[in-house]
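Take this structure first; my questions come after.
Every chain is named by a letter (A, B, C and D) in the order it is written, and numbering of its residues begins at 1.
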Amino acid sequence: MAEKPKVALYWCASCGGCEEAVVDLAEAILDVVAAVDIVFWPVALDFKVSDVEALPDKAIAVSFINGAVRLSEQKEMVELLRRKSQLVVAFGSCSHLGGIPGLANLWDKASIFDWSYSKAPSMEPGATTRPMTKIQVPEGELELPEFWDTVKSLNQVIDVDYYLPGCPPTPKLIANAVQAILTGKLPPKGAVLAGTKALCSECDLNETKPDKLLIQDIKRVTEVQLDLKKCYLAQGVLCMGPVTRSGCEALCINGGMPCTGCFGPVQESPDYGGKALSFVASIVDLEDPARAQEVLAKVADPTGIFYRYSLPTSKLGRKKMPRRK
Amino acid sequence: MAVVMEPPKEAQEAWEPRIVAFFCNWCTYAASDLAGISRVKYAPNMRIVRVMCSGRIDPSFVLEAFRDGADGVLIGGCNPGDCHYKEGNYKTMRRAMLLSQMLQDLGIEKERFRLDWICASCARELQTTVNHMTADLKRLGPLNWKGV
Amino acid sequence: MNPPAEAPRIGVFVCDCGFNILGVVDVPAVVKFAAALPGVVHAEEYKYMCSDPGQDLIKKAVQEHGLNRVVVASCSPTLHERTFRRVVSEAGINPFLFNMVNIREGVSWVTEDKVQATEKAESLIDAGVRRVTLQEPLEARSEPVNPNVLVIGGGIAGMHASLSLANANRGAKVHLVERQPSIGGNMARFDKTFPTLDCASCILTPKMTEVKIHPNIRLHSYSEVVSVDGYVGNFDVTIEHKPRYINEDLCIGCLKCIEACVFKDARFPNEFDLGLAKRKPIYIPFPQAVPTKVLIDPHDCLYLRLGTCKKTCIDACEKDAIDLEQKPDRVSLKVGTIVVATGFKPFDARRKPQYGYGVLPNVYTALEMERFLSPTGPTEGVPLLQDGRKPETVGIIHCVGSRDKNTNEYCSKVCCMYSLKLAHLIKERTGAEVYNFYIDMRTPGKGYEEFYERLLSEGLKVIRGRVAEVTKAALTRAEKDHLIIRAEDTLAGFVRRIPVDMVVLAVGLEPQSDTQELRRMLNLSCGHEGFLQELHPKLAPVSTATDGIFIAGACQGPKDIPETVAQAGAAASEALSLIHRGVVEIQPYTAVVNEELCSGCKVCIGMCPYDAIGYDEEKRVVHVTEVKCKGCGVCAAACPTGAMDQQHFRKELVMAEIAGVI
Amino acid sequence: MTGYLYYPGCSLKGSGAPYEKSLLAVFSALGQELKEIPDWNCCGATAYLSVDQDMAVAMAARNLAIAEKLDGQDVVAPCSGCYLSLAKAKATLAEYPDVRARVTAALGKASLPYEGRVAVRHPLEVLLTDVGPEVLKKRVTRPLKNLRVAPYYGCAILRPYPGVPSPQAPHSLEDLCRVVGATPVDYPNKARCCGGMLTAGVQSVGLRLVEILLCEAKAADVDAVVTTCPLCQYNLEVYQERICKAKGKDVRLPILYFTQLLGMAFGLDDHALGMDQLLRVPLVAPCAGVKA
């Protein structure tokens, strides 16, 4: 019997949701397990790093790596998996774009530690302990991975073959990806395994949109009784559909929530935040500066909203910290 | 790594801030021509990229300019109500409102990104705007995004 | 993306522009820099790129080096982009594979430091080369030019332009719109004109009649242009005919209705006479008015104001031309070109309170004096004091409101000359002693200085000094019951006090009060003083930044009648050249949508004030109606996925320029 | 702080005392606080400027700096000369960075930082704009019916730093006259020079200028001339006798401060208005007890 292709799954700076998504395949997971031989899946199976190191290079058919890269240890692991795998797939928004952890790029190590280990309300006042990468203890030397100032997406650390977008990727998308890999019917290297157009092309509510999509006010989801049969954007609720890649079949929108952009930008315009900001500011149809300022101020945190998943892979990538005195 | 070290003194003296200026063809670019015709001199730090309307300027262009090494970005457009295409500059105004907030969130000081309405006959205003911005940037020092 | 064109072979031509560029920018160094840029196979310098030899240089280089893209670094594209595009296309290259880098108005004329100027020029050329490398071939769209012309303003400028256009007999209509009841403008108010002392109406009335009877001119009197849309060659214009309460086709100007009016005496101020003479509610502005039709002022007429009147005017009218229920009516029409000739308004002398206008008796503005001197004016040509006596001494004050930091800094060009003319006429009609108070006697035109010499020989007294004040506080018996003009006589070196009977204020010229609305309607811009802005002060004085719209006369700045008529002719010929060509090239900067990427999100549709973008229900994508698109690019910037882009200003081109300039 | 900071200047403590008395009386009658600047110093007047510009500007600016230290918004300078010096100092410091550097350095040594926030204003303008004609009219208890008044502005509060609106054709005094029921006459020489220092230095010219103003007022058959400056008041009043003798013309006329005119209309006590310190007062019929 032909050897089953070996598959590895690993998680870096992630919330575990992508692991959940694999389990979400429900029964379909059985077909997958039947078809492949999972050789490394820390969250579910007890294989050790040494097992992976023992494999010859390129032994693994495909590694699904989720989570952003923020520690030196994660860098070592993904580099190991890269050496051992024919294909590496960036699984989910964090590895694809930097994801929610990527928002940490609005700070740096010093300010994060300063908050978490001193200023946070849960810390006693005056606490000054800090994690150390090396410490001598009677038993010997303990090590911790290095904590970087900047969170990176997977392709900023290793060469990535394909991207499975989404936070998390939808079970259907995962199944299709696995199928494509098994059958070898794959698009050219570097492709994002989802739609090529923006979400509006896939969303049923697009027909309800007036021809001139112009809004006079911005409302948060909690401030309005959304008509679920009509395009949310036309009702003044920020929906990132127009700027987000399709492929999720408008899962959130069918669940009554506007799209927040987890599938990331389409190929043509790599910087998601710049494009999102442009279209939102353009459709708020107000000419009086004071009124416009008042409404646009309701976009409480433009950087956070427009770069929710993609700050590390944006044009500027991170915040430039002010020089410390 | 994220803490940018102060460049040595003399390097700072030789350093000249670079301003990328997106000017709309009908008003601010015409003002720059008029400045030329009337020999109204201004700091050479500004480089003009001409577009047909200030509404053509995609915020991504501004992000691109900062990432590529600009120390300041200036958008010049017609006064509200004067746009050659009726209402292009209103979109510029709104985009600039959100963009200046985002740039400050990303650590880019307020003075580095300016939107100024400069009409076709306002050569003097263009001169003061460019000179003031250059002075501000000299005070702030290089942005040097590549070093971030 | 289109299939990649063959490898770029770029030629860069750097212009010295005499010393304009060479004087500040190290052109040889720039040429060396350009030659080393990727894609550049040929770079050279020449004294005047825009000259014929310069243009031939390009053509020769294209052949010799097999160039397929050209960059010219010289002056502003607004000046010579079209010239060089023609040269490039004659050399066999698509005119849009050409890029112009502004190193004159953009660098040499605005930079002192030579090193920094050269560095700036180099980085702009770097940007220009990177841009031209990615530019795609395009075809300028040509649109037919509607032969009809709209002329706004029926003064001497508007009339002359209309006649020149109509006489070209292109079978097209000239629509002349005048908001006053009669054409003639301010010139109709003058008695004589300098320096020849031609009687204004003698040279104006024939032209007015010619306009009235010309088959190719449709006169819209007592009307205003309400809206103008469209673009060069295809303007949609809406004109509103204000109600005269007279049916123009029936009224033959017999004026019987005026006599019959219930108001036996004329008691309402006549605007044409600046309120110095009176008229009835039903009136004609002045005897030679064209069209010779009466009109009724709704604020004065009893019936129109209060609804009760014997309406004797209707009975008196044999033609039954009076229609008191008349409403304003609007007419829409299509024209290809527009000539704006809306003239000027005089400076309001009340803004110089120290000259006592409107406070002291016998202080008049120059325009009011023109009416006094006019035979059809309130005093039939002989200026009189308020008590009916002829003035024995008259003071004319120059530069009222002009060359003055507190009001208008510019010189209004014509006041010295018309003040001399007024001085001559006043002396002739009243024998009065005339004093002209001037700062500099400006007599620049043909025959102007000779006119001044003649006036001096006739005994005109001129005092050089800005008048400080006109007061009636007499200090000596001689000054009693006189207006005393106090001025420092800078040639004699002491302050003079000249008692006079009458003062004439030579008020300067200002833009019309509604220039801002007119400007917005036509998409034009104004200079700092508020006059309409020409495309180029020297090379394109009657063109504007908006193709197809031309300006002539005082609306572009203060000028005398000869210069106004010259500009009117120029504007007419510019319009005619467009009409003759019959087609006009529209820059192919229109928006273009990539259907593989368009998600149908409709964000762009709302961006377009010209409704040039529509939604295709089946394909669920948007499409652009090229003829409606003006090429502003706003939709491209708003498109969330970059599906919409603007030809010749595509994302890659702008990004390339950014990379180049940094 | 609320209310206005008051810069008296030396005249109002000397020959201009009636101006100060009536000013304070009127402002307090209107409930407007007028707080004298503590430790104010001489404004330098015009004389000092010709000696040393920095010193002259610093002297005037010191008063402004004290006002700023008290966090005041407006400094009211009734005497036209002081108004001009303070306004000139403020403008010079705003326009000339080198002068500003030297003067602020000097003031800094006296721990008096100066940023140019405080405004220099004239009481006539304050009364007509901040208080306003309606409020003034309500306070008038004794309208000065058929009192004919010649409004005289002098020069310093008109140019180059206009203290009242429309400096080319001022009308504030006329407005004030109408508020108090008096009739302002058309007085063309209202902005002609009063002789200033020339009445002391070059008497032939100075007295001639005073004579022109008085004859003009006499010709207009007025009951009083109203002025805004202690020097103008002094010149127009003190030399009347000499001109009468020298020219054999009766040019005697009461010369009032506009604050006295207002005070009279408010029905305030004459002594409080310093009326008794004038050489002559207008015969105002209804108020008995006012000396001829």
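The rule we apply is simple: a contact is a pair of C-beta atoms (placed from the backbone, for glycine too) under 8 Å apart; a residue touches a chain by one contact, two chains touch by 3 or more.
Remember, predicted model here, so these are calculated numbers, not experimental data.
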Between C-D and A-C, the pair joined by more C-beta contacts: A-C
Euclidean distance of C-alpha centroids - subunit A vs subunit C, Å: 59
Centroid spacing, where centroids are CA-atom means, of subunit A and subunit D in whole angstrom: 75
Separation of subunit C from subunit D, taking each centre as the mean of its C-alpha atoms, in whole Å: 50
Subunit A and subunit B, separation of their C-alpha mean positions in angstrom: 33
Sequence positions of subunit C contacting 2 or more other chains: 607, 634, 637-638
Set of subunit A residues in contact with two or more other chains: 269, 275, 278, 282
Contact graph of the chains (line, ring, star, complete, other): other
Of subunit C, residues touching subunit A in the complex: 594, 596-603, 605-607, 614-615, 620, 634, 637-643
Residues of subunit B that touch subunit A when the two form their complex: 1-4, 6, 58-60, 62-64, 66-67, 80, 87, 90-91, 93-95, 97-99, 101-102, 105-108, 143, 145, 148
Subunit C - residues contacting subunit B, complex: 76-78, 102, 104-107, 109-113, 116-117, 119-120, 123-124, 127, 519-520, 523, 525-528, 533, 537, 545-546, 589, 607, 609-610, 630-634, 636-638, 646, 649, 651, 654-655, 657-659, 661-662
Residue numbers on subunit A that touch subunit C, as the complex places them: 196-201, 206, 209-214, 241-243, 246, 265-266, 268-269, 275-276, 278-279, 282-283, 285
Subunit C-facing residues of subunit B, complex: 16, 18, 20, 26-27, 29-30, 32-33, 35-37, 39-42, 44, 47-53, 55-61, 64-65, 68-70, 81-82, 84-88, 91, 95, 119-122
